[in-house]
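Look at the two complexes coming up: chain A is in both, with chain B in one and chain C in the other.
This part shows the complex of A and B:
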């Protein structure tokens, strides 16, 4: 069967968050980077599984929302639920790039403008 | 000799005379008798005329007057004394009674046919009114829900989200009601969906009921063909609503499925009150189509669920069956979706686990952008950004590729090497609870 176009709003936002209207934890923003922990999927609902499926590598919440066509707040709520259950974690930032590299990037960007 | 002859002659003459006199007297008597009879008949005829006129004027009038009342009256009319007790009067009475009986019969038949006609017309106009109203509600509801969905993407923040989802929940319930009445009034749902997975259809049905959070959703990659999405959603939402409404608030409503040879049967189980024998019979009569719902005899809070389900199931070839006493002691409703209403959902419905964007930054891979391969709309902005940045990168003279490369490198390191995509959620069509509670009914 050919690919189907999906209506992203067919399942309403409150159903996706199972009635939660705010993230269970503070401090999460759309730019927070998360990554899947190796945990069994047992007991997770549909939305959580969909999110986990694309979180193999570190990914920011905004991108999760974009890839799954979710309203950003829905992504935040689902992700915070998964952080609570330990299915996702926030990886510590990898080794910082060298300050000189950042300076060069800055210079490059200035040159672009 | 002559004397003898004379005597004989005179005696004969006398005899003749006597006979003649006798005859005369007899005829005179006969004539008098006939005359008297003629007078009597004339009188009788006049009396009969009078009686007939009396029947026509008085008797039929009393009958006509009695038609207003429900009690059938007999024709009452004056009878001349001379006719009292005669056959003629008796026959007139019988005539009058038959007339009354006929009149009442015709009146009854006319009343019934008139009522039927008036009711049919009233039903048609009520249906048309309900349909027009409900269709307008559906159309407004669809617009509002689309607006709300867009607003949910546009505005961030928990407070806005809470308000918008509350509004949305109300709108979805209103849409659900309006669509039910459209179906009852013989209309079409008026909402188009693309072919969708059962997961999405169940999720959409969930959204239309007040107690959506108590439904344990079901996940399956099997999809319902486009024109069936609306009907299946409406049927499911009525069944879910029924299940949630009649079960204790701390219990769950469970959706599961049997993937059979001829199609899929969705099962909706609750742990609530069972229907009484009579209610179950009534519900089954409605579901079998043996008992419809009359739009003219609806109560203040009509239960339209089962009639709507029955109409949709019949129209689209599904089968809905109610079973009492499932494994939770509650009710189980099953919806059989024949294979020709289903389709196999493509895996492309879900984005692939992490596209290998870092490894293959070439954004304008023709397979993704040009030839209509199922690129999801949500990815387009990403590609667009990549294309834009790529375009700028090539066109800007002083940019040093080494710097951009270093930046990308750092970015890649920060993200860590993308793990090879593994299908973590490959078992999405297994209900979490089903793993422990295999379907035994």
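This part shows the complex of A and C:
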């Protein structure tokens, strides 16, 4: 059963996203960090539960897509819905890259070598 | 099955609250996946996005418009740079054709480091054009394999018709420290550019 559900040809993308074709939120990217909130799971579909199960620690949407074999655009839509219902939190508001991020990356890279 | 996956996955430290993304681009065989693997602290992960395209083929027996399914695959890696910041490196797909999915790769990226193999310099033109068109900051790193002919970086700059301010550096994508130095050169360039923007 679970093997069948993993086959992208068996479960079309619009079924996985309950018919949604684009994320309900703007500003989500493949590197948006999310984390599961402590909320009851009832009422959630299988796809949403699978996502929540791997979000106990901070994780980005691209990692979720890869670990669950979901197309990245599907992962964006499912995560967006779970942020809307409060099942997922995002630790920092989505931000456009600014100079402070560039400085942090630069300092971090320099510290490695 | 999912629980197996999640227990195998090396999670970020719980203190991490910020992420940054740099694209690693280049023509086929330039060494993108190698560089991502050299710098990543986890085994690089892969995702695939199905792309449906209208097909104009005439071999459709039903006489109905047919669609072909292809996928855009990309690999990415991760390096935790401080207790609160993780850097993600996305190897961008080899094909240069623009698809809507590229928006997801571009969105939120600091910039793109374009790897170049000097034996196939002309193959880089389409990749560079893509970033120029999109206005995403980019730099060039010449991937110097053992035995490959060494080029003067100014020669490479001229051959690729790059502006004087675009950073051109070199690295051995197989080597972690060398790859990190190339990233440092690129991020220093991004830093200089954004400071200039702040001043202007």
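The rule is simple: the second predicted complex is superposed on the first by the 83 of 113 C-alpha atoms of A that agree within 3 Å, B and C clash if a C-alpha of one lies under 4 Å from a C-alpha of the other, contacts with A are read in each partner's own complex, and residues count from 1 in each chain.
The criterion applied here is as follows: a residue touches a chain if its C-beta (ideal position, glycine included) is under 8 Å from a C-beta of that chain, and two chains touch if they have at least 3 such contacts.
In this text, all values refer to a predicted model and were calculated from it rather than measured experimentally.
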State whether A:81 touches chain B only (first), chain C only (second), both chains, or neither. neither
So, does A:22 touch the first partner chain B, the second partner chain C, both, or neither? first
Considering only the touch criterion stated at the top, classify A:36 as touching first (chain B), second (chain C), both, or neither. first
Could you tell me if A:91 is touching chain B, chain C, both of them or neither one (first, second, both, neither)? both
Taking the superposition on A as described, I'd like to know which of chain B and chain C A:99 touches: first, second, both or neither. second
For the overlaid complexes, name the partner, chain B or chain C, with more touching residues on chain A. B
Of the partners chain B and chain C, which touch A:44 in the superposed model: first, second, both, neither? first
Please write out, lowest number first, the residues of chain A touched by both chain B and chain C across the two complexes. 2, 8, 13, 30, 33, 50, 53-54, 56-59, 63, 66-68, 71-73, 91, 94, 97, 101-102, 104-105, 107-108, 111-112
Okay, in this complex, where on chain A does chain B touch? 1-19, 21-23, 30, 33, 35-36, 41-46, 49-50, 52-59, 63, 66-69, 71-74, 91, 93-95, 97, 101-102, 104-105, 107-108, 111-112
Show me the residue ranges of chain B that touch chain A in the complex, using the header's touch definition. 145-146, 149, 152-153, 156-158, 160-162, 164-165, 168-169, 172, 193-196, 199-201, 203-204, 206-207, 212-213, 217, 219, 223, 343-346, 348-351, 353-354, 373-374, 376-379, 381-382, 392, 396, 398-400, 403-404, 406-407, 410, 413-419, 421-425, 427-428, 432, 435
Can you tell me which positions in chain C touch chain A when the two form their complex? 1-3, 5-6, 9, 11-14, 16-22, 45-50, 76, 78-79, 81-82, 85-88, 90, 101, 104-105, 107-110, 177, 180-181, 183-184, 187-188, 190-191, 194-195, 198
Interface residues, chain A side, partner chain C - complex: 2, 8, 13, 29-33, 50, 53-54, 56-60, 62-63, 65-68, 70-73, 76, 91-92, 94, 96-99, 101-113
